[in-house]
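See structure below.
Labels run A, B, C and D following the written order; every chain starts at residue 1.
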């Protein structure tokens, strides 16, 4: 995986890209052992209905376009697509909508929608004093309104991951507050270690990454699935924490 | 209104009732000048379709039954009823369901559903040291998980009401965090004063009330509507704060 | 009868009866008489004793009823069971009877005895203070219940539910420079509660600030109404014991405290502009701040720190940031004026202003006055906090730098008052020599109305207390 | 070379050079030489001066390079611009050069000069400490940079980024009963950073606890790795300056601090079991707790309070509740045993145990030992906090009650160690006489390894510091 991650990130930087596109980002996650939705990338013009035939509905459609980092902000996402015909129609509609905004799509990303669960946010940043740091929070108001997030310096250990989660003011939500089912805490811990652990994405990508953001990670009773991921690359000169 | 409130509460206590039923509770709110949904109470056996004909869909149906305080807990609520025929069917279904649980409904309460908005909780308690106190919080996780609530001793003034709201950790939600529309803060303040102000329900009902709970108060950009209300009556002997 | 007239016999008693002094041992009553004499009490002291004709050299009477004429204040320290009888058989001569005895509602089974005590008082028209308390301190009347209290009267009126803490407030407070108009320990507050005494202190011209230590109240509505009506016209600082669940359990066995809600007391404070504190030291610091300062018409927000010590300036800025103050950069013209003072290398005239002790001794330490004047003239500060590391300053023995700084504060304050608060932080290493000097300088500063704190974090809390009252009075929504 | 060997010349220098002493005035260098002599430094002191043959009665050399033989430690206090030259022309003789001068990266335009200083040091194989600092304190070697420091060595090793706070830590600390194995002020930390010194203190047998004052670090990864590897085997207490945004701005002009994230330092502490504090006093209290106590194998949680003063017990219980401790009721059998001690009316043997001073003097104050023993035997407490109101206690002059209590603590601790922490709170009114007695008793207690705090809230914070380390070591998830 080291090879893959370094290669992917380095190549992207060499091409002057500021951020990985979503399929590439998800591939990085997948190769790090993190669940991502089953998906297909369909080139513009290819047969959408045929391409999505192996996916299980409902599907999400997301535009893949250079320079578009926040897809929902430009209306580049459609959800709850129920079959192949609807998929083709959604792609066609989206193309028109994107054109109207002057966006030229590179491709379509079709994904199986994750089962219901708690929304978790996992992030990574590069601290000027401590280098790679990992962050976790609960989606929605917890992160956005209450700034309810926990940080650790990488690499983290399993105990750190558990403590990050128990530090959250909204921790009770994960344990099944308000009558909902408790979610799979171990699955979140596993993702945190794969992102921020000894052999995790942040430690391996320190010299190339500026920021990563898995938002949301949907966590059900059974599993955690990274539904969206942003990888922002460094602009400044490379540093190496292993020096 | 003094008369009405005293009468209603006193009569209920005299009958050995522990809590007002929902229609009575809403009448108390209404006579105190607090918006409640337009509604009709339909006696068991009466023609539901005819009774609801003046209400604007979608409607909510709630069971009215002695001893049932938490209606949703027993499955005694049905939402999103779109027309008169559906209303009749919903009542019939609910009767069967209630019977299965050994609950004998007194009547049906049909209400117009409130427009979308933020969920606010307004409560009142009797403190052993300070007497009537009013509480406000935001619905959902804010109250239930984060205990994000503000208290004041009654009677409150307008400034108190504004400060209570700004004290809430989730105050930003009311101001339109996360892209939603800001809600009508003045309308919440108005409700707080009608509940906890000089001439409010808590000051007038001190000798009869143990607890009140308006949950939720749905607050949109325009107005605040009390969608559910519980009035729990005192068991112990009467005290009078005006002594 | 006005509140002032009603309580005059308590705070300025002309005739004091003492029930519970002994002929054979040194009881609480004897100690009280000795304290009164040492303290210079000029009124009449009347011991009550069933047999003795004389106690502590004073003519004694067999009972309160036997005493000719009115008794303003009776100090009652007898076994709990006999206390109601003492009050009941007083012939209605006593205006205030303070009952020190414990063994009432604070213990299991003591509630009836307390009810009887109150009933007795009502029967004869006496007001009872306590039981389960220690006494009343009124330096202007040379009334005290504890030795080593200063006779110097001041502007802080205190109602204290705990006797022991009452002594701490008097003594720790006076050593910090606090001076009191009166302090009453009310114990179980069976009859006289905090709210009536607050009403007195609100009326009393000598009192500028009110301090309260309370564990619970049986008259919460009245307390709320009195404080609400007062509208924070005098600052009120509350130290609330038993605000946590475990503390409440402890309070129940101390003064028979009611199990009220924690949110009730917080609400009370917010609705009345009362400063709520959690520890004795925070309470005293808040009183220090309110004693020393005229409040500003709007809430204090912009703070300038000035002193010696870079690390201390950093930690001080952190403390003021946490307390919600702005320690902002100066405008260019102010910065230019400060730079023109030509402070030596190692100084920093940005806010926080960090000037080494060596530089402060320039021109006999008068550079400090120039700095403070420049800030005052700039209008950039709501408050200036001057912090001095005593250890370092004392190295320069030939200059009374600190004395000059205090003089400078007084002069600047006179010129620019009341636009800007100025407080002093005297940082000591705890060495006995340093502490002695600090005591001396603190006395000089506080007796001139300048608030003095031990550390920057405490000054931040003191100013935060001031801000609560200023905000409330200004009518701004928090 | 091991870390211990590498740093021996700094903490135990046999030969010290002083650059910057004057023949005509009393500069920093002269004061350093005088301090060294007064402190009883037994090694060789070598002044460096371009012209003088003798300074402060000592043979001087023209440059460091001229000095015959190695120099363990050079004290450099010259104008900033000349400092790199001093190091560069030292002939590689100097192991550690501590540069006191300011005017480097902490000022605008000073970064290049600092880089040159470091380059010079690397060229000649010298380690540079500073610049912009005050010196090193190593009492065992009679090395000091400040007067009035105690020569008594102790177990606390400190790395301090601020010189002024270094003096405060030494002097305020020693007056509280803290004793140090060493303290290094590192200023801008251009070459030698905190992490290497931490490694030294971790290795040093004399050091049991490590204290840090830091405003920023240029070696965050290394600091993280060193502390992580240490696995909290010695308690580490961090006072972090500039944790708020405004404080960070102040720090930038003090030691040229980097603008790191606040969450980084919090994370560092959580991941390494380091105790994070916000004020100098909290820092010293945390060091007091760790100096005095053997850590328990699991986290301290159940606390028993015992002392005189009902209100104080209530507020103390509140403080421990807030700090997350349980001040729980006793089991019936323990309560029975405590009741069997027959304490007088007004006592409460529930937790908190409130015993009036009068009762504590019974049997020469030995009743305290019985109470502490009973608690220890019950196994009901992880920590006992004994609080004494000095004012009240001192009223009983014929009994050395406090002395007996300290003896009792030592005896009980010996019997039951290390099952239960016992700490002492000596509550003073600040009166000079009380303070003198307190100083004396505190000295007796701390020199026997008993932690002493000024107030219950401080004791709660001290025990909370202990709990952080215990929790981390136990491997329990917080």
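What we mean here is this: a residue touches a chain if its C-beta (ideal position, glycine included) is under 8 Å from a C-beta of that chain, and two chains touch if they have at least 3 such contacts.
Everything numeric here is computed off the predicted structure, so don't read it as measured data.
S.K.: When the C-alpha atoms of subunit A and subunit B are each averaged to a single point, how far apart are the two points in Å?
M.R.: 42
S.K.: How many Å are there between the centre of subunit B and the centre of subunit C, using C-alpha atoms for each centre?
M.R.: One centre to the other, that is 46 Å.
S.K.: For subunit B and subunit D, let me know how many angstrom lie between their CA-based centres, rounded off.
M.R.: Centre-to-centre distance between subunit B and subunit D: 58 Å.
S.K.: Can you compute the centre-to-centre distance for subunit C and subunit D, using the mean CA position of each chain? Integer Å is fine.
M.R.: Distance between chain centres: 33 Å.
S.K.: Of all residues in subunit A, which are in touch with two or more distinct other chains?
M.R.: Within subunit A, no residue contacts more than one other chain.
S.K.: Among the residues of subunit C, which are close enough to touch at least two other chains?
M.R.: Residues: none.
S.K.: Take each protein chain as a node, join two nodes whenever their chains touch, and name the resulting shape: line, ring, star, complete or other.
M.R.: ring
S.K.: Touching pairs of chains, which are they?
M.R.: Pairs satisfying the touch definition: A-B, A-D, B-C, C-D.
S.K.: Can you list the residues on subunit C that touch subunit B in the complex?
M.R.: 216-218, 220-221, 224, 258-261, 263-264, 266-268, 270-271, 475, 477-478
S.K.: Over in the complex, which subunit D residues touch subunit C? Could you list them?
M.R.: It comes out as residues 102-103, 147-148, 160-165, 167-168, 171-172, 175-176, 213, 215, 239, 241-247, 249-251, 253-255, 278-281, 308-315, 317-322, 326-329, 345-346, 348, 350, 352, 354, 389, 391-392, 395, 427-432, 435-436, 439, 455, 457.
S.K.: Taking the complex as given, what residues does subunit B use to touch subunit C?
M.R.: 125, 127-131, 133, 151-153, 156, 159-160, 162-163, 166-167, 241
S.K.: Which subunit B residues qualify as touching subunit A in the complex?
M.R.: Going through subunit B, the ones touching subunit A are 140-142, 144-146, 169-170, 172-173, 177-178.
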